[in-house]
Amino acid sequence: MLDHDPPVTAVREAVTRALEEDLTPLGDLTSALLPPGTATEARIVARDAGVLAGRACAAETFRQVDPSIACDWRAADGDRLAPGQVIGAVSGPLAGLLTAERTALNFLGHLSGIATRTRRFVDAAGPDLAVWDTRKTTPGLRALEKAAVRAGGGANHRGGLSDWVLLKDNHLVALGIDEAVARARRRWPARTVQVECDRPDQVMAALDAGADAVLLDNMSPAEVTRCVALAEEHAAEHRTRRGLVEISGGITLETIGTYAGTGADRVSSGSLTNSAPVLDIGLDIG
Amino acid sequence: MLDHDPPVTAVREAVTRALEEDLTPLGDLTSALLPPGTATEARIVARDAGVLAGRACAAETFRQVDPSIACDWRAADGDRLAPGQVIGAVSGPLAGLLTAERTALNFLGHLSGIATRTRRFVDAAGPDLAVWDTRKTTPGLRALEKAAVRAGGGANHRGGLSDWVLLKDNHLVALGIDEAVARARRRWPARTVQVECDRPDQVMAALDAGADAVLLDNMSPAEVTRCVALAEEHAAEHRTRRGLVEISGGITLETIGTYAGTGADRVSSGSLTNSAPVLDIGLDIG
Amino acid sequence: MLDHDPPVTAVREAVTRALEEDLTPLGDLTSALLPPGTATEARIVARDAGVLAGRACAAETFRQVDPSIACDWRAADGDRLAPGQVIGAVSGPLAGLLTAERTALNFLGHLSGIATRTRRFVDAAGPDLAVWDTRKTTPGLRALEKAAVRAGGGANHRGGLSDWVLLKDNHLVALGIDEAVARARRRWPARTVQVECDRPDQVMAALDAGADAVLLDNMSPAEVTRCVALAEEHAAEHRTRRGLVEISGGITLETIGTYAGTGADRVSSGSLTNSAPVLDIGLDIG
Amino acid sequence: MLDHDPPVTAVREAVTRALEEDLTPLGDLTSALLPPGTATEARIVARDAGVLAGRACAAETFRQVDPSIACDWRAADGDRLAPGQVIGAVSGPLAGLLTAERTALNFLGHLSGIATRTRRFVDAAGPDLAVWDTRKTTPGLRALEKAAVRAGGGANHRGGLSDWVLLKDNHLVALGIDEAVARARRRWPARTVQVECDRPDQVMAALDAGADAVLLDNMSPAEVTRCVALAEEHAAEHRTRRGLVEISGGITLETIGTYAGTGADRVSSGSLTNSAPVLDIGLDIG
Amino acid sequence: MLDHDPPVTAVREAVTRALEEDLTPLGDLTSALLPPGTATEARIVARDAGVLAGRACAAETFRQVDPSIACDWRAADGDRLAPGQVIGAVSGPLAGLLTAERTALNFLGHLSGIATRTRRFVDAAGPDLAVWDTRKTTPGLRALEKAAVRAGGGANHRGGLSDWVLLKDNHLVALGIDEAVARARRRWPARTVQVECDRPDQVMAALDAGADAVLLDNMSPAEVTRCVALAEEHAAEHRTRRGLVEISGGITLETIGTYAGTGADRVSSGSLTNSAPVLDIGLDIG
Amino acid sequence: MLDHDPPVTAVREAVTRALEEDLTPLGDLTSALLPPGTATEARIVARDAGVLAGRACAAETFRQVDPSIACDWRAADGDRLAPGQVIGAVSGPLAGLLTAERTALNFLGHLSGIATRTRRFVDAAGPDLAVWDTRKTTPGLRALEKAAVRAGGGANHRGGLSDWVLLKDNHLVALGIDEAVARARRRWPARTVQVECDRPDQVMAALDAGADAVLLDNMSPAEVTRCVALAEEHAAEHRTRRGLVEISGGITLETIGTYAGTGADRVSSGSLTNSAPVLDIGLDIG
């Protein structure tokens, strides 16, 4: 199992579902017209520059359509792709290749689009400000999309509500920071407890309450710099590791560089997964 | 059942799947800290201008998380939204609202993003050149995304490989246009038979063979105009309805207007469904 | 839960599956054209004489399509139906009724067809020769079809391979009757052990080995009479209850009466479930 | 992928479901008594004349029960079978063969029954009146049954409500023919729009409104002839292709020949799929 | 298929579900750190004495995680295991082995725990009092747990409510013994009809009514002895086979021996499946 | 949503599965004999002392079997139960209550058994040594069992392999502690990184490498005390929070008290979930 690979169970189930929606109920009307037994070869080719993700899904698509189709991969998830670069070769019956083509490319295009956008954020953020995804994923595809973020050089924030505690304003209104963090520590020990902060004074309150991390929402680079300084003060005073500082809220490829020197540890963006245009990948047959 | 609504079965299954991936295995760690029984009200609000889609999925999400949550909708799929416009009000236990929030918004944002992008294409194409989607949808979400295209004023091309016959170059290499169309007519009577054409001479061959529609791939407005003229000649000569002319291939919001006067009937773009950024929709609580 | 009702879990799952195959991916194209909000009433009517089955599936179909549709039933599973008889009234939005119509009727027609055919067999066999179904059911619908057999006055043979032991010729070739029955008794105590017999001497061997029941395959009424006599001899000699005698193999509505006086206890026929023509049931709207 | 083959996803899912209902929860009580490791050979044999369908399901059944079972097929879906003809040979462990036997035969018998009945309709209708199936299929098995119709020489009408527009009386009451067809054209471009007609004047109205096809319900051959003439008049007058004429409603194997010369294009019958008796196919072991 | 094996469909589905809950959504974070391609060997080893069950589930777990992992089994379900005994060897990529390890061991430990406890009951009950399981199984795992009981030398009582008729006090209150047994005989012929008895007089009533078996609930050995005598009287008087006598209700490993000479046929205990501690089985790598 | 409640999606799916396995294919043979319409009341009663868990599953079971059954709960998950205490009252049709009874009790008994065992560990460990579960759960029931642990006063260790990094000996052999922890930090930032240690020197190595937590496997109280001292030294030297110390490996209810004063933070035991005997809970009807 490669590092970037999504769980095998997620791959199998997503491919079955995608084929069902494309083939139900009558199958591929057009490929059914082809003479049986015509074998062919095809190449999966990047039409644009980007980063590959979704290879396991494409391979599983060909396998489920026809186990006699062979795949010979020339790139792996996470590899940078140049326009025209051959990602892999597939060979087998023409009808099966054409039936599987669009579903395989839909996976590759969607997931490589996410990996490519992630890579651009990672490069723009620079080495000191790492890039996190969010829970703003396409419904039903979280496992695959989070693997694509990893392929693009990003890292995974919470996999879901069940991973760690993230206290947002609405939780805090009901409980107050001190009580909320204390409850979280008691209930969910050894899990990250993170507090969303809209103002610098909340950062100190969160760290005083014992939060592991803060999420600075919609702050300017200057405000972020100030919050990081507060967090360092807090660490020095309490002789402990500095709380992790994540920034979020409308940060774009254009503005991300202005946060590079703020000392923040992490930048997260829902746009990695919910607004990445597809990477154009095609199948050249024959 | 409203016109734009996706099938009820698709809505129920997609929501179940999305909640499973967000809640498994331990549930919402953060909401679990809240005092039980805190009732609250919230408004679903558009942060940007766009077109609404996905209301049925959002309603189903709240219902599955907690049947006691009530939804009062103030906009329907297909409605244009202004920034700040209230889409609906939800009321019920705070913990349930927060647990459902992200999943409901992921549906609304993703599907409204598609509806919004579609509406822009529809407006840019003008009244004579209608807009079609493609099979380039996000794996597992085709029924929902095709409904979002309808909400945006577009129409649905094939729902899947099982809908009608679309002969592309690789099918034609194996069979030739005449034989391919003849087989399609025999096997799949009363279904649309469409032929992809890269050159004008293929248009005449396709119509002579009896195709109902042609798909002009990657042609300039001038080439399209010429192909439409050929199709009209063919119709006049054979005293029949003119074959439907679809154009496709790299047509963007910027270039679509240049095709408005070509006489083509339809323009299709995979980008409606595979490259639409999310529409920003949020939940304001309290 | 009524006696004839199939398990609730089987009803829910079968209806979901049937609606998915009819509505995927774009929904009901035709009903979507209707003006929303048109309420209507409709009657489910028998077009032919027969026996009702499948009511729970029809009710569940309307419920899943639109929970606001109300059903008012005037007949229950197992009731005899006259041509023109109203089975139930449904009322609600016209679009939902039309979307659900075919699926609801497919369940009613298929299952009532089985109940009707079963009832004919039961009536022809007379009071002393009861009618059993088999495992020759439509794949995926066994629970529903076996409930329809009960509605028709028949009884259920094995629900599946897991219910009891039925030793056929191929099992006996490998083991011999004595050893086979002995193993069955040891492994699966308190479950019926039945032996298929092609010849009278096998009947005695089976009963001597301790079988609870024999299945006489493809025997004439005279042969059956002789086998029943053997079974009674065996019972008298061993002072035990007489082994149950089932007959099977090509017995039709026409020939079943000739077995009525043979003393056999049960007649089974795969045709109850795999060859019953649909009972014509329609929906009259407005 | 052969022409007649149902989608691979439908085959896999239907077989899994069928085996679950036969084996749950204790497995095959009888085969479990056999000594392990007994290898055997068996032949799948037609007991009656007919047309084969369902081979892919049978093969998948043996594969799922025990991947070491080998199948050697001697006939393909669509082949005519003579009584006694060997369809295929299977070899492997005796216990596995017996466990899979009934499920494999249930698929073969049910689907070949449909193919056989379809072939009889096709032969009786003659070369000018082609045969269509309907949506009157067994719930949950539509994809498999529609493939069996193709194997029998028939063609597939709508795969489901999502395929094309078929306006029946209840839709027309609410909308009127003109408005209904116009809405259909706008909403679902390039899809067949068909109008059900009970009387000849509705045929002209439907064609004037722009319908592609009419469905003549319950008409005599003379009425059908008259409607076809109307459709030809309409085509001549409007210099367009003649609308497709489908006939339906109680047409049987006995009466179908009387419609052969009417000029109608298609005859459809729900009885192909909902009233076809099983084709008797058995397994001869050893 | 071995005798003790659970149905293949149950094994596949349970393993898929178990892997999904362990790997969703991000996969195995720890194994993902390992260098790809590191092959290794491991031994599955019993840490305690017991009886093996669940081998098919463990094999399927390794196969689903990585089909290239090879298993070489040295013990089969039902075999007694000594502490330290090697059950099987697995070899393949280290990352896959570690990902599969816990799920495979959870199946082996849970099911072998049941087999082991069952074996202890079987040994303590002696040869004349056989051991039955109950429906008190872990929700969702009945097929696997009942197979484990067989591996431990026990036998399976009802697989579910659908297997045979067991009339308990609450059924009898509503119907009375005579009527209840008569209805059961009529509705569910050839299936075991069993009556739960709290007092000796109920035993006679049940047998007079025609029950095949009685379930003596919470009786002392002396009471059981008396009830068996009553059943024998009844059989002698009616010249029939003696009704089967099952005892149940709080019988433990310590007390089971005191029932050995009572003449009861069967003892059942929910604790076989709902209170068996895990058998400690581990994986030794390298 | 209560704190102890498992995710709603897990509850619904587990109950559907459990009912399917109990009711397939013929339903509840015995309840089907009852006269329809008999309404009754019943009480869910604890037969032994313990802690309640699984209420949501029991409620869902009654609801799925018959939505007209009403539940009136008198205790909540996490409540201590005395022998004879009424947990809740259910009322509705007798047949439905009896059909649901065993499945509802199987959930309550299994999950309350886990809560009860957890509570005993929590009480024995004392206030300073908190109790954690493990991944040694029953396959397919992890979400429910982890909720039961919370109901018993324990806390949840990893929900699955996807939660945090736990480096065991086999991972360390391949990578070394330094490299393994460094990779984990890079790949999975902000997630807990824990290292299993068999010897005190590994504790220092793990903390030097930057691990958040150590898992002391199979150590005596004296060894644990020494390791905690090392961890405190490390924290003092590096002016950071002390690494979390978990102990595990064969610690029982009898020995757990001897670890109370060692300074360890957490004790984990697979036996909470894989070896908890059922809590005896019954249904008293009428």
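Should a chain be cited, it is by its letter among A, B, C, D, E and F, assigned in written order, with residues numbered from 1 in that chain.
We take it that contacts are C-beta pairs under 8 Å (C-beta built on N, C-alpha and C of every residue); 3 or more make two chains touch, one makes a residue touch a chain.
What you see is a predicted model; the values in this text were computed from it and never measured.
The chain with its C-alpha centre at the largest distance from the centre of chain B is E. Centroid analysis (C-alpha atoms only) places C farthest from chain A.
The centroid of the Cα atoms in chain A and the matching centroid in chain D are 44 Å apart. As a whole-number value, the distance joining the C-alpha centres of chain C and chain E reads 30 Å.
Mean C-alpha position of chain C lies 23 Å from that of chain D.
For chain A, residues that reach two or more other chains under the stated contact definition are 3, 7, 21, 23-28, 31-33, 99, 142-143, 156, 159-160, 162-164, 187-188, 191. If the chains shown are joined wherever they touch, the resulting network links each chain directly to all the rest.
Listed in rising order, the residues of chain E touching chain D in the complex are 1-3, 5-10, 13, 142-143, 146-147, 156, 159-160. Per the touch definition, chain E reaches chain B in the complex via residues 21, 24-25. For chain E in complex with chain F, the residues that touch the partner chain are 14-15, 17-18, 21-35, 38, 57, 94, 98-99, 102-103, 105-107, 109-110, 113, 135-143, 160-168, 170-171, 173-175, 180, 183-184, 187-188, 191, 270-271, 274-275, 277-278, 285-286.
Chain B contributes residues 16, 19-20, 23-28, 31-33, 36, 64-66, 93, 95-96, 99 to its touches with chain F in the complex. The touching residues of chain B, when paired with chain D in their complex, are 3, 7, 130, 132, 150, 155-157, 159, 162-164, 187-192, 194, 212-213, 239-241, 244, 265-266.
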